[in-house]
Each structure stands twice: as C-alpha cells, then as structure tokens.
Amino acid sequence: MFHKIQSHLHFLPKNWLTYLPFGCFLIFSLIFPLFFKGSFNRNVMIFIFLYTIMAEGWNILGGYAGQLSVGHVVFFGIGGYTNSLLLVNWGVTPWVGIFLGGTAAAGISALIGLPCFRLRGHFFALATIGLAEITRISCSHWKAIGGAIGITLPMEFNLYNFLWRGKLPYYYIFLAFTLTSILVVFIIDRSRMGLYLKALNQDQDAAESFGLNVFKYKMIAIVISTFITGIAGGLYAQYVQYIDPQSMFPFMISIEIIIVVLIGGRGTVLGPLLGAIIFVPLSEYTRTYLGGLAKGYDYIIIGLIVVILAIKRPEGLVGLRRS
Amino acid sequence: MPLLFINKLYKFFGALAAVNGVNIEVERNEMVGLMGPNGSGKTTLFNCVTGSYTPSKGQVFLDGEDITALAPHVVANKGISRIFQITRVFPALTVVENVLIGQRHSDEKFIHVLFTKSSAGVYERALQLLDLVELTKLKDKLAGELSHGQQRLLTLARVLMQNPKLVFLDEPTAGVNPTLCRSIVSKILEVNRKHKVTFFIIEHNMNVMMELAQRIYVLFNGGVIAEGAPEEIQRNEEVLEVYYGE
Amino acid sequence: MVEFQVIINGLIEGCIFAVIALSLTLIWGVMQIVNFSQGEYLMLSMYLTYVLWNFFGFDPLISLLVTVPVFFAFGYFTYKVLISRIIGASFFPQILTTFGLMIFLRYVAFNIFGPNFRRILNPIVEGRISVSGIYLDTAKLCTAIVAIIGFVALTWFMTKTKTGKALQTTAQDREVALSFGIDVEKMYALAWGISIALVAMAGTFISTFRYMDPSLGDAFLLLAFASVILGGTGSIAGALLGGVIIGLVENLFGFFVFPAYKIVMVYIIFILTLLLKPEGLIKE
C-alpha cells in the first residue's frame, strides 16, 4: 500500500501553479452560459469543446507517439456515421452509440496500425491521407449509408435520442466529454506509458534496445487516440443532426486538427485545449466580421499563422513554458 | 556453458558478407573485447545479436537459449543491453526519467503502466545508479542539456537499470577527454566486479582495451582473424598488418 | 476499339499527372521536402492564365511566355523567403509549413476569384482530332506533348548542363556537393524555381480543357503523390512511369469497373505501394 502511494507521488505534479490555467478554464466554461445567452457564442464554445476532444485524441498518436496522422478525420467520420446509423436504423440510444462509434473507429485504426506503423514520417502521413480519401469517396457512393445525401437524425427531441432544441444541454455534456478527454491525456502524460511513448517518439531504436515493445505501445496509442476522436464524431452528429460524407470526412478537418495541436503544443496535456481556444474563435469571428464565408479571410490568416508558427515555434505555445 | 555463444554467424547485404562466419564465446563475468579496422563488421555483428538485423545464417545463444533473430525488445528483455557508439539519450526527458526507461518491462501490468511512473523500489534504484555515475544532482535536468561526457555516464546508468546479464559497449571512450575516459573505464571495471555484469566491448583505443579486456577477438572483413589475451593480440603479426600494414 | 480509346486516354492523362509528379519529385529528391502546396501553384497558374485571357485576350499558348517565367520567380522566391528556413528541420515543421502555405495560397485565390467555376473559352487548341477511329482531345493531347517535352528538357538539363549536374550532386549528397564548392542554397532555390515553372507550364495547358476553382489543387496533388511514390521518389523517369501508370489505372478502372470508384483504386495502389515497395519502381 505504502509503495503504491510512493509511486503515485511522482505521478501528480507537485507545483500547484500548473493546475491554475486549467482551473481558470474550468470555472470560466462552467459559468459561461450564465453570461452569454446568445446562440452564436455558445456555438463557438461548443466547437471549442469538439475541437479540443479531437485534438487531444490526435495528440496521443501524433504528439506522444510521434506518428503524424494527416487523415485523422476518417476516425471522426466513422464515429459519427456509426452512431447515427445505429440511431436511425436500430433506435440505439446515442448514449451508447457514441461509445460504439468510438469503438468502431478504434477497431479500424488497429487494422490500419498493423501494417502502417512500419512507415515512418512522410510515408505514414501520406498513407493516412490516402485512407481518409478512400473512405470519403466510398461513403459518398455507398447507398446503404445514405451515399452523398447523408443521414438525417430523427426530429424527436428527448434524452434517449440525445437531441435537444436548445444549445445548453449540448454545452454541458460536451464540456464533460472535453474534461474527460483532457483527463485521459493527463493520465497518459504522467504515467509510465507517457514516459515510454515520449521515449519511443524521441529515439525508437534506443527505446527498443531497452526492452520497450514499440509496436505494442503505438497500437495502444492509436486505439485510445481514435476512440476519443470517434466519440467527437458522434457528438458532432448529435449536435448538427445531419451528416454527409462531405462534412464528416473532409481533408480540411484533418489539417485543422493538426493546426490546433500545433498552436497549443503537441505532446502536452493542455496544448490542444489552448490551440482550440485560439483557433476556433479566430476562425469563427473572422469569418463573421470580415465579410462572411465568401471572402476566406479567416483561412488566409490561419494559413499565415500556421506558417509563422511552423517556422518559429513548432513546439507550440505550451511547449514554450517547458524550457 | 558460455553466457553468449555466437555460432557460425553470417550476414549478407546483397553480395557483400558483412559478417562472414563468426564464432564467438563470452563466459559469465568476462570482459571480452572486439577489435578490427573500420568496416570489419563489428557493429553489424552487435546488431545481429541484439536483433536490429536478422542474421543470414547461423545462431546466437544466450545462456543456452536460442535468441537468433528475435525482435530487439525481446532480446533486451532477455538480458542483453547495449550502449551505442553515438551517445543517444532521450533529450527531452529528464535524467532520472532516462534511467527509469530501463526498468523491467517483461512483466509489467498494464494498470501499473497507465497509473504509475514506476514500480515499488524502482525509483530508489534509479537514484542509486545515478549516484554511481555521480549525476544525482542533475536528476531533474533535461538530458539534452547535459554535456557530452555527462550524457555518456547517463547511458551507463541507464543500461545498468535493466539489470543486464550482458552489456554491449560500442566504443565507450570514443571522442572523450582523458579524465572522463579514466572515469568511464574505472566505472566499467567496478560494475563488472561488484555487480557481476559481463561486458562485450568494441574499442579502438588500444590502451583502454588492454585495461578492460581479458580476452580479445579481432575482426577483419567480417571474419575473426585472431583471438586471445591482450598481450598476445598486441604481438600478433596478422593483427598488426591489418591495422598498420600495407 | 473502345479499349484502345481508353488506353490512349489513360496515356495522355498519365503524362499530365506525370509532369506534376515530376515537379514534386524534383523538390523531394533534391532537398527531401514534401510540398503539400504544389497543387495550389498549379491552381494559381491556371488563374493567371485565365486573367491574361480574360483581360488581355492572350491565348494560353501565348501567355505561356509570361506564366512560366513568372512562376519560376515565384518558386525561387518561395524558397528564399520561406522554405530555406525549414531546411533540415524535423518532419513536423516541414509538413506544417507546406500545409500553411497551401491554405494561405488557396484562400488568397478564393478571396480574389470567389468559389465559382471559371473557364477559358475558345482556346486555339480546342477540339478533337481523329486518328484511325480514335478520338484525341486536342487540348489534352497538347498538354501531354508539352509534358513530354518538359521531361526531355529537364533530363537534358540535369545530365548535360553544368548547373544540372550540380543539382544532381546536391540531390544525392548535400555534404559532397558542399565539398565541391557548389552553392547548395542556390541549388535548392533553383530546384524550387524549376519545379514551380513546370507546374505552371502544366497549368497553362490544363486550363484549356478544364474549369478552375480554388480547390482544384487537391485532386491533382494526391494523384501526383501517388505517381511519385509509385515511380520512386527523386527519379525523373519514375515520375513519368508512375504518372502514366496512374493515368492508365484511373481510366481503365473507371471505364471497365466502377467509374465512381476509380480514384479509390488509385489510392489503393498508392497505399499498397507505400506498404510493399516504398522505394517505388525506379531508384534514382
């Protein structure tokens, strides 16, 4: 018992200051709806939550394990589609369906990881893009799941269906999921597994020479990573209540996830959160105030930021604090 | 029974035989050296034993067990550790975290891996090893910020964490100043005596090899051309020719 | 007879993919950078051709004289200002820089031209010619011919000229090139310039038969990547071979099996190549 406590002592960060930013975010997001009752602002927060969940998921694979997936949207889409199909075709409640969606994404990712983890760097990235595109095009033509037309969720707003008219229930439920995903990454970061992932990320061959089964840990990483991302897909589906291949599998979302993690800092617990907090409002507000969707200023600015960050600070903003 | 038995090992890269029928035995607690000019196949031989390369022909036995062509991490868990020629630490991990990587992996339970940094007693052992190499004060510093010599000592501590039966040292004193060289040599000897660790050492520095090795194999063009005690090797004509001749 | 038509179409389209693949493989081979923004340069060159046609009445064949030098400078400039800063950086900053560039260029075009499709009408090379019962789209045929000329020209440049050989040396081993006194930075910038100029050449001709919109880069880029991987990164002949194979696969599969899934087939081959033979068919 005492031994267990001892080893846990190294687990929690001793410095209480590290908890402060997260605490601020927690309090802020809990009381946010009391002060901001408008639909637009609540929507922005909800998307911050969704992007955080997806980014934390990606972070486990790309940040800690070092396998850069550039097609991560495919897991988002699989989660969303699984969840929606289960609801529409078999009346399965999304409270279960969302997790089944995550499981489906995780299962498929394991099949992908098996052959693809041999690939390093560019080649792995390209393979993931290819897989995402294959899925997107295939789903567009697959009549059984709606093809290009997509799936519309039933308009019955109740708890069982995980559907509400207003934004408030979504807000707090998504917040809960966000906090959970941050917690998962926190546990991984502080644990032995995080140590091993960081090690194999920095020097795979050396890690192997220490007896670390690199393949096993990459598999664990991808499964957890895609499970979380798949859940985000299910949540998104329940929120927008209509999905199609174009909205669930676009290449752009894969890039946005990476941008979010880039801004905040990959391989850190709070990096993805920070990245989402900066990225989502930036793109939403520039879109609204600089001439709407028709002008593209939001992405011009984002493109510039990405390039500048990539050159100057690839370890992200949170990464700065470490050194 | 020897601790390590390399039996008629061959490794071909296309038509080139990098390892050309090598037989080597290393007894328990021995300090055995491996010498030879650049390109003679020393590191390739190491790689074939540790699992980084798959041998084309031949076998490797550790303590009587056939470990030929097993994956690197499996070989490591069976008791062979290695320190690389180029100092490789995990630069973004702290010094003590680097050492913790070496803890036993073969019977880790997943629950422990997920929720603890280290098993009972492991952290203390890591500190002990850091003490051995006199790096205790730097334990929370990032390994990438250490000087080259300090990093070298860290790799030694790290490897000992694995409680290895056999340690492969690939040029432990290469590019190292004389003071540090003394320090490394004395630490290796101490570990061999006190902790009963067997060493298989590649080294170009003849003086260091004389001090460390009880027996030396000389490799040339992938084959063993000489074997014996250091004094014999120093006087061996073939060896001299291969190193200084032509 | 129909099979033949499909094969010819495949070969012609293959040549077009090949020249874009060539531009990618040039940068990849010389400095090990995977340029995800290559498709955007293609798109921009098409828009420039459009602008020259729309406002000055230049036929694409003539605007070629303007577009290619402009884009050579554009590529050179991109290297000097941006890419030179991430040479030697790890994979993550590299891939992000080219992604950021991709987004930036695409949305600048979006901002200027809007999302609507545009088309150049009545170019000199439009129409079809018939060769013993097989129809050849003149515009596409010209593009393919120009592509082949591009290949020959580049091969000649790389093997016969001093600068070209210096470029090859730099591609093979940076340290060796430096020891020979080659200005490696200049070689890199040159590679970018040539690469983007090639893309612009392709784009000028593609605009004679294809509509343009800001996101057309995607489709071409991924097919070009497939060609590069299949043919072998860094190999000129590989880019041609890869492109032609991809073109054939796309057309044959699309015609005889599943038109809707023809791109999927290309991606499947792409991934299989990555897994089974990542060095590609031809080594440099």
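A, B and C are the chain letters, set down in written order, and residue numbers restart from 1 in every chain.
Quick note on the criterion: a contact is a pair of C-beta atoms (placed from the backbone, for glycine too) under 8 Å apart; a residue touches a chain by one contact, two chains touch by 3 or more.
Only a predicted model underlies this, so the values are computations on that prediction, with no experimental measurement involved.
*Asks:* Using each chain's Cα centroid, which is most distant from the centroid of chain B?
*Replies:* For chain B, the chain whose C-alpha mean is farthest off is C.
*Asks:* Nearest chain to the global Cα centroid?
*Replies:* Closest to the centre of all protein C-alpha atoms: chain A.
*Asks:* So what's the Cα centroid distance for chain A and chain C, whole Å?
*Replies:* 33
*Asks:* I'd like the Å distance between the centres of chain A and chain B, where a centre is the mean of that chain's Cα atoms.
*Replies:* 42
*Asks:* Taking the mean of the CA coordinates per chain, how far is chain B from chain C in Å?
*Replies:* Averaging C-alpha atoms per chain gives centres 49 Å apart.
*Asks:* Could you tell me which residues belong to chain B and also touch two or more other chains?
*Replies:* Not one residue in chain B touches at least two other chains.
*Asks:* Touching chain A in the complex: which residues of chain C?
*Replies:* Against chain A, chain C makes touches at 34, 82, 85-86, 89-97, 99-108, 110-111, 114-115, 218, 222, 225-226, 229, 260-261, 263-264, 267-268, 270-271, 274-275, 278.
*Asks:* Quick one: which bits of chain B touch chain A in the complex? Just the residue numbers, please.
*Replies:* For chain B paired with chain A, touching residues are 50, 52, 71-73, 76-77, 81-82, 84, 88, 90-93, 97, 100-102, 104-106, 108, 112-123, 142, 158, 162.
*Asks:* Contact residues on chain A for chain B in the complex?
*Replies:* Residues in contact with chain B: 3-4, 6-8, 10-11, 187-188, 190-193, 195-196, 198-199, 202-203, 205-214, 323.
*Asks:* Would you mind writing out the residues of chain A in touch with chain C in their complex?
*Replies:* 68, 70, 115-116, 118-119, 121-123, 125-127, 129-131, 133-134, 137-138, 140-141, 251, 255, 258-259, 262, 266, 294-300, 302-311, 314
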